[in-house]
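By written order: A, B, C and D. Residues from 1 in each chain.
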């Protein structure tokens, strides 16, 4: 693991993605959401044979395609051209979402607006009046994956914590998030609402995090 | 002799009436029946209900159909995109109805329609605004929402190869909604770049059996990788 | 059609199968049940390209296999070895029964114990106490096919009609049978219970059939 | 490195406990995991619930398992056959429980288990004694019965070829219940005559993706047609 338990600086987005990558067990089947979660693939150890799932209908997705390798029949969920890994397979949308909903994916990595202390996830709709809602596969991933890892900045630009007591944004899934990776710390969640801080970065203390989040955090950094 | 091959895009679309519900395949460019959608635009229909994963991109295909005023309602999972301005304008003007469905529920509702399932309990969407007003049920420690099939008059899909019985194979992730929509619609219309002889498709590799297909029209592919 | 509208003798089982075969439209997708219904395939016109479905997972089933052609991975619903027709395809059981349940088969041909005048079918269980019940795909075929054709002897050995006012045997499916082919006549049924006799054989009159069945039959033989 | 290949039949079955629910694939000889069933018999377990289309034939395989007293309950669509004397005897002696399920409902309940569907409305069986005591519902002019998933601890299936990720292809009608059972069980155990290199299976032709498979063991085929 290249990022220490108590990294002296707060993590960059790439470092957050790398930190997640280090927690993915060898041979796991993983779905990486659009945005920062996609960056996780850059840090996966090829020897670990992590199997990437893309909900539009493929297991064993390879890296993004470039130049002559681009094939418009081979896209990821973000509609970017990708490639095949040996051992890949194709299936239709109902089979792909059956795989997700049926609890067969080990990990889904997603972004979030806020996450509540008991693992409720909001990431599909700002809730602003007049905004056109769009959901895609977020709700299916939220209920389906064995573990849902969220990567997000802990603090908004306004200085508000995105790990909250309870959601004010429209819900994507209830009690589904098991771990939150942020620039300042990693939080393990459970459905009962006990939040354990397992790592901190940037000289942030658990006491600092309690102040920032106003949550009764459990110090599990030792 | 069963022969589902037809001569032209205009011919296969000729009987679609105003007010029809039409499933349109594709996820991005993969599996998008571009020429069939263009043909549908030429029909100048009104009052259509369109089911697709999205609600049109840029100024082509489904987006132009939306812009033309042909579409009364869209059932999809992801209408809002950086280039969905045609849908956005119609939506904000109150000129188009949106039924937003989580992507997996969309796929499963289409499957249910083809499979004769009257309804099913899905965990996806439980506790969200998209399940408001829907029946819920607690089964074996888990919460579910009751969802019903999406049936349709027509499906327009793209496959890779077809024989005259309508057996289809797809290519890579262009499979996406095709097999589900083919089974869900009363009349299924398919465009393929390659027509093959009966018996030429590997029976183990056929993804959509011909029983689900009504009309097939040959349209060249613009994807150079598909020429193989 | 080789069997006349008013064939002078009552039909043999093979002739009943042939009579059904003559009613199957070119290009139809058909499931033939075990027993006499299987014989229908012997009389289908090859030029009509009737597509045979077998519920264990195949469309485009060819004739029974013999000798060196026998492949124990290629069986019909009666578990007999069969062959492939060009244009065939394979699928798993859920896809096969989705095809049936979803109303995609044109015709299912089945045997029956009795059939009621409104199309209720009984063919899966004698209802005898202690008998081990077995159903297979009968209930799925009954509700799924656009038309359910029954082939059966009209009269039992005891001289009782098997086309009845209402079922006393355990039901396979309600209001599903659309036509009954017997050794003495063809009966068209509807859910309202109007039974139309369209053909008679063996010098049987519609009046005779009314006596035999005690049903208020409509004479549609002309 | 992902490697689901295991060395022996006995090894892949070693952890199955008494009282387990086990899905067993096959329809007739096609897809029947003969050697895995024989291995299960050697385990001398008790209290098993077995899900199969039938309840055993003749004096071999599943029939012997039933005869041995290992099986508490059978869930199937067609137990009564000319050579089902072992099941018949246990049933008439009141020593085995039977849950009879229409074949399509059996398949769909297995699919539901794998697909995370909590329940579904099926028209098959409505109005029959097999739906007695079950919830029914009238939807859009048609009557349906509510059925629930069949989940299981183990699935024993046979496929044609497997790679070390557990990707499977089947052969002809031996596909039958295999893909459904693989997805429905917590632990899926597969016998195949052919192990192939990763990347050797056509990704368009893979029917069961490796995500559904836990253990693969090589067993020679007795079907001469399979040697190809």
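The definition used in the following text is that contacts are C-beta pairs under 8 Å (C-beta built on N, C-alpha and C of every residue); 3 or more make two chains touch, one makes a residue touch a chain.
Chain by chain, the UniProt names read as follows: A, B, C, D = Unannotated protein.
Just so it is clear, the structure is predicted and the values come from calculations on it, not from any experiment.
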Co-neighbours of chain D (Unannotated protein) and chain C (Unannotated protein) - touch as defined: B
A-B against B-C, pair bridged by the larger set of C-beta contacts: A-B
Most distant chain from chain A (Unannotated protein), judged by the mean position of its C-alpha atoms: C
Averaged-CA centre spacing for the pair chain C (Unannotated protein) and chain A (Unannotated protein), given as whole angstrom: 55
Centre-to-centre distance between chain D (Unannotated protein) and chain B (Unannotated protein) (centres being mean Cα positions), rounded to whole Å: 33
Centre distance in Å when chain A (Unannotated protein) and chain B (Unannotated protein) are each reduced to the mean of their C-alpha atoms: 29
CA centroid of chain B (Unannotated protein) to CA centroid of chain C (Unannotated protein), Å: 35
Where chain B (Unannotated protein) touches two or more other chains, by residue: 108, 111, 115-117, 122-123, 170-172, 203-204
In chain A (Unannotated protein), residues with contacts to at least two other chains: 84, 90-91, 97-98, 100-101, 143-144
Chain pairs in mutual contact under the definition given at the outset: A-B, A-D, B-C, B-D, C-D
Residue numbers on chain D (Unannotated protein) that touch chain B (Unannotated protein), as the complex places them: 108, 112, 115-123, 137, 139-140, 142, 144, 148, 169-172, 202-205
Complex interface listing, chain A (Unannotated protein) residues touching chain B (Unannotated protein): 54-58, 70-75, 79, 84, 90-94, 96-98, 100-101, 125, 130-140, 142-144, 170-174
Touch list for chain D (Unannotated protein) against partner chain C (Unannotated protein), complex: 27-31, 77-81, 84, 87-88, 91-92, 98, 100-108, 110-111, 122-130, 143, 160, 170-180, 207, 223, 225-226
Residue ranges of chain C (Unannotated protein) in contact with chain B (Unannotated protein) within the complex: 26-27, 29, 47, 49, 51, 53, 59-60, 84, 86-91, 97-105, 143-144
Residues of chain B (Unannotated protein) defined as touching chain C (Unannotated protein) within the complex: 1-2, 111, 113-117, 163, 165, 167, 183, 198-199, 201, 203-204, 206, 209-212
